[in-house]
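The same subunit A turns up in both complexes below, where it pairs with subunit B and then with subunit C.
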Partner chain A sequence: MNFITIDKKDWTTGIDKSRETYQVFGPVQDENGCQIKPLAPDVHPLMDAGVTVMSPKSVLFPQTQKMLTATLDASIEDHHVMKPVKKDDTPRVVLGIRPYDARAILLVKLNFDNPDYQDPYWCEAYAATTFVGLGVNHPGPCDFSTSTGCGPFSEEGLDVLMADLDDRYLAKILTEKGETWAGACGFDTRADAAESQSLFDILRKEAEKNITSVDTDQLSEKSILDLYEAPFWDDVAFSCINCGTCTFVCPTCWCFDIQDETKHKTAVRFRNWDTCMSPLFTHHASGHNPRGSKVQRVRQRFMHKLKYFVDKYDQGIMCVGCGRCVASCPVNIDIREVCTIMNNYESK
Partner chain B sequence: MENPYVPYPVRIDDIEVATEDKSLKTFTFVFQNPADEEKFAYKAGQFAELSIPGVGEIPIGIASSPVEKGFVKFTVFRTGMVTTHLHNMKKGDIMGIRGPLGNWYPWEKLENKNVVIIGGGFAFTTLRSSIVYMLDPANRSRFKNIDVVYGARSPGMLLYREELFDWEKRDDINMHITVDGTDDPEWQYHTGFVPQVVEKNAPPADEDTYAIVCGPPIMIKFTQPALTKLGYQEHQIIMSLENRMKCGIGMCGRCNIGKELVCKDGPVFTLEQINQTPKEY
Partner chain C sequence: MDTCIEKIRTICADLLAKGKVQKVIGFAEGSIPMASRPIAVTSKEDVAKLVFNATCGLNLANYVSDVLPKEGKIAVTAKGCDSRNLVTHMVENQVSRDQLYIIGVPCTGMVDKRKIAALFEDEITDFIEDGDTLTIVSPQKKEKVSKKDVLRHNCRVCTHRNPVVFDVMAAEPVEEQSLDQPFADVDHIAAMDPAARWAHFQELTKNCIRCYACRNACPLCYCPTCFVDESSPQWVGKGQDKTDINTFHFLRAFHCAGRCTDCGACVEACPMGINVRDFTRKLNKDALELFGWEAGLDMEKRPPLDVYSPDDPNDFIK
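The block that comes next holds the complex of A and B.
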């Protein structure tokens, strides 16, 4: 494994150089807080940002995305025939993505890239993207990433993992994509591998001391129906206002809606993020709703993340411990507490 | 990379009003590109997304049968935005079909078995597909006795009436047609709800008999005890579920019952499978 060292004085020059090859995404401050967004040519990433308000899932899965289009003008050939819109799948790099968000992308990949179907919008964007991660030196109070198969310096899903060493970044090149990115930036100062790895280990251990832990070890043993019928859901859901914030900020929530719109003679089919917190999500045309009550929807969210996903994919829970939903919930529902209740539940 | 969201372009070849209240119409579609018909190869029990550009998509069971070539048929109840738009479309209009989607009735398992088909109201579309499939001369010998219990509110609400009465005359299928009630003095079939007709007329279960049940929730609820009385085990009761869907390919996340997705792991499940999962349908 290659390690390189990047002097912070050379960082912006290198990033600017890479813009010839890559569309650059990174954390920036906007009116809604800190977000990972495409950077304008004169903007540089805020590398010391904390947890971004929204996760970077939108880099591959935009909140609104055009999918298909058709002309409704009967005088034009192929009218009413829906065709894919042109996409921009030129190389892009995400700078400063945190390890928990990189793992989330691998979990979301299980949904969008499976043996039966591949979602071309997500898969082609994924193939075009290089992920340059930054280890978490100072985990926030809601971070529980070590309990989710991840951690502050986890390498999973990343092409490069960097550590912030005040005046420089130490970067571990993990894939060929990462190597190419470093080359495009002109970052080529090799660092000693053994020494660099031990620095990473020290930083990781230091960061892990500040991360709370949540037990998930019993979840796979429980029966779906026992958990589903458990008596604690009313209490868990009591304060929920079904705002859906938890699902929108979540890096692993992938549900979407498909809608059509028409302007003049052009029809467009696009998808939007959707949320299982909304009654409309499951509302049948007949009026019947299998998840018509709030408690059913709250239960669905936690059962999906902490039980259905666990059983279906055998890849742990569908949560990376970023803590965004905990921090953003207006009524203080805490997935760590719900996970503990579920993990410890014994049916009578 | 293949794009599973792109529908095959089709032309509406025929529109038939299917019920006396005009709330159901049967649409016959022909593929614009003949090669797409082959790609759309389906089995009885599957569904497809009917796709109207600028309006939206709806998941609908395929009513035509794999043994019927040159067209596909769907019977659609007018209930929401897309179905209302579809009901107002005309012969010759162009739209799309995406599929086939989901699993199908377990035809391999049903081979050399007695098959009892139980349907109610307008949930008879994939059952029609199944009956036509089994009665096809190339397939009939692969199945033992075929019984069909089908009921609707009134004679005019029965789907595919002409075919029903044709099947009634055959000796290789036992039809038990019923209506909730009728003032037609000529009515020569059953009167009464489906569960009662099942209890009285469906063959009792042995290990070689399977029931396929498709209908409104209330019918399913009361048919289950009737089948249990007749000795059917949970694994011998096969059902097709419906849930709100968008993508139809297991990605958009809304149609799950527990960890199963109705669109991709279903819509066909045995009662045994359904009983092991939350009943969120």
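The block that comes next holds the complex of A and C.
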């Protein structure tokens, strides 16, 4: 595995150079907090930013995404025929993505790119994107990523993993895409592999010391129906106000809703993030709603993440431990507590 | 304020033990620093879970109608604003006075969690409240601040800190604030020229993700189906189109006209830090100036927007 060292003095020059090849995404700060956004040509990523409020899933899966369009102008030959919109498949790089967010992209991939279905919008964006991660030296109080199959220096899903060493970044090139990105930036100062790896290991161990852990080992053994009918859901759901915050900030929530809209002579079909917290999510055309009550919707969210997904994919829980839902939930519903309750539940 | 918690617990334990109420709605300690969470307590053993501190910024009136028993009462702890929303609920026939046992909690304000977070470059790991002194800790530093300096804006301009209706008080009333310019924020926006004002509101909602936390945290928003969730007909687009986002915010605000108590739960709940009170505050000011009305103060009076009055200040209605 190749390691390179990047002097922070050379960082912005390198990033600017890479703009000839890549559309650059990275963390930026505004008055509403920190977000991963496409960077304007004169803007550089805020690499030492805290956890972004929203996850980077929108780079591949925008909250609102045009899919098809048609003209309603009857004088045009193929009017009313839906056609794919032009997709942006130019190379892009996401800088400063956290390792758990990279794992989240692989979990989302299970839905959008699998033997049965390949979502062209997501797949093409994924193919075009290079993920340059930054290890988390100081995990915050909501981070429990070591319990979810990743951690502050996990490499899964990344093309490059960097470590912040004050005056320089040490970068581990993990894929060919990563190698190409480093080349496009002109970052080519090789570092000793064994020495670099041991530096990574030290940082990782130090960071992992402060992370809270959650047990998930019993979830796959539990019976779905026992958990579904367990008596604790009323208490879990009591404080929930049924907003969509937890699902929208979540890097692994992938549900969407498709809508058609027309304006003048143009029709557009697009998709929006949807949320299982909304009654409309399951509202049938008949008027019946199988998840008509708040407690049913709260149960669904946790059962999907911590049980149905576990059973279906055998890849652990559908959560990477980023803690965004914990930090942003207006009523402090903490998935770590719910996971513990489910993991320890014994039916009577 | 934290000293009243023992009294709250004693009152609640007594109410539950004697079967006077079926449950108590209050706040419990959160799982992360600066967090608290609404809780329903049903046994006297669990009253120790109740807390009351400067992070209890949500409005508990929002929880009352969902858990009303067919018979008997529930108790609810109520700050000044919560109590005003309970009055609004009663005026709007969402709950009747005899279904509630109101434990009044005089309030000296809730903290602005974003303002506190902004004092730190890293994440806050501990938050200790001792009277007016807050000790806030992160891996990098420990900061002592006065609660007065980090109050939420709605608490800084609050003139109803004491509950307006209660069965029992958990502490002596606190002194009410008097303000020279209660609506300076509204006046500031109103003084802008129309283009700047429009730009202000466009900027305000630009990060809205339509999670509807503002709506759902609001005790006024109890419609069985909100207009934005109607699908037949669909009144408003579901995407991130600016017009649709604005439509939601504008209509939500108008639905609160003459009803909003400026409790700040909407801003507290917003994950994106949007000061949605910029919309409702203007309507509160109008309600006060045109109708002499502040919501939730009087159970006997009808709100200005659901009553006809011969001396209405508007010409169109005469």
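Convention: the second predicted complex is superposed on the first by the 347 of 348 C-alpha atoms of A that agree within 3 Å, B and C clash if a C-alpha of one lies under 4 Å from a C-alpha of the other, contacts with A are read in each partner's own complex, and residues count from 1 in each chain.
Criterion: contacts are C-beta pairs under 8 Å (C-beta built on N, C-alpha and C of every residue); 3 or more make two chains touch, one makes a residue touch a chain.
Keep in mind that what you see is a predicted model, and the values were worked out from it rather than measured.
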Room on subunit A for both subunit B and subunit C (clash or fit): fit
Partner chain in contact with A:T245 - subunit B first, subunit C second, else both or neither: second
Subunit B versus subunit C as contact partner of A:G14, first or second or both or neither: neither
Greater residue coverage of subunit A in the superposed arrangement, subunit B or subunit C: B
First, second, both or neither for A:P91, with subunit B first and subunit C second: neither
Contacts of A:Q259 with subunit B and subunit C, given as first, second, both or neither: both
Angular separation of subunit B and subunit C about subunit A, which is computed from CA centres of the superposed model and rounded to the nearest 10 °: 90
Which superposed partner A:F112 touches (first subunit B, second subunit C, both, neither): first
Subunit B versus subunit C as contact partner of A:E124, first or second or both or neither: first
Subunit B versus subunit C as contact partner of A:H283, first or second or both or neither: both
Minimum distance between Cα atoms of subunit B and subunit C in the superposition (Å): 6
Common interface residues of subunit A - those touching subunit B in one complex and subunit C in the other: 257, 259, 261, 283
Of subunit B, residues touching subunit A in the complex: 1-7, 9, 32, 51-57, 79-80, 83, 93-96, 217, 242-244, 246-247, 249-259, 264, 276-281
Partner subunit A, residues of subunit C touching it in the complex: 30-33, 35-40, 58, 62-63, 66-67, 121-125, 139, 207, 209-213, 215-217, 225, 229, 231, 237-241, 268-269, 271-274
Residue numbers on subunit A that touch subunit B, as the complex places them: 67-68, 70, 72, 78-84, 111-112, 114, 116-120, 123-124, 224-225, 228, 254-262, 267-269, 271, 274, 276, 281-286, 288, 290-291, 296, 300, 303-304, 307-309, 311-312
Residues of subunit A touching subunit C in the complex: 30-33, 35, 50-51, 53-54, 63-64, 138, 140-142, 238-239, 241-245, 248-249, 257, 259, 261, 270, 272, 275, 278-280, 283, 294, 326-328, 330-334, 336-337
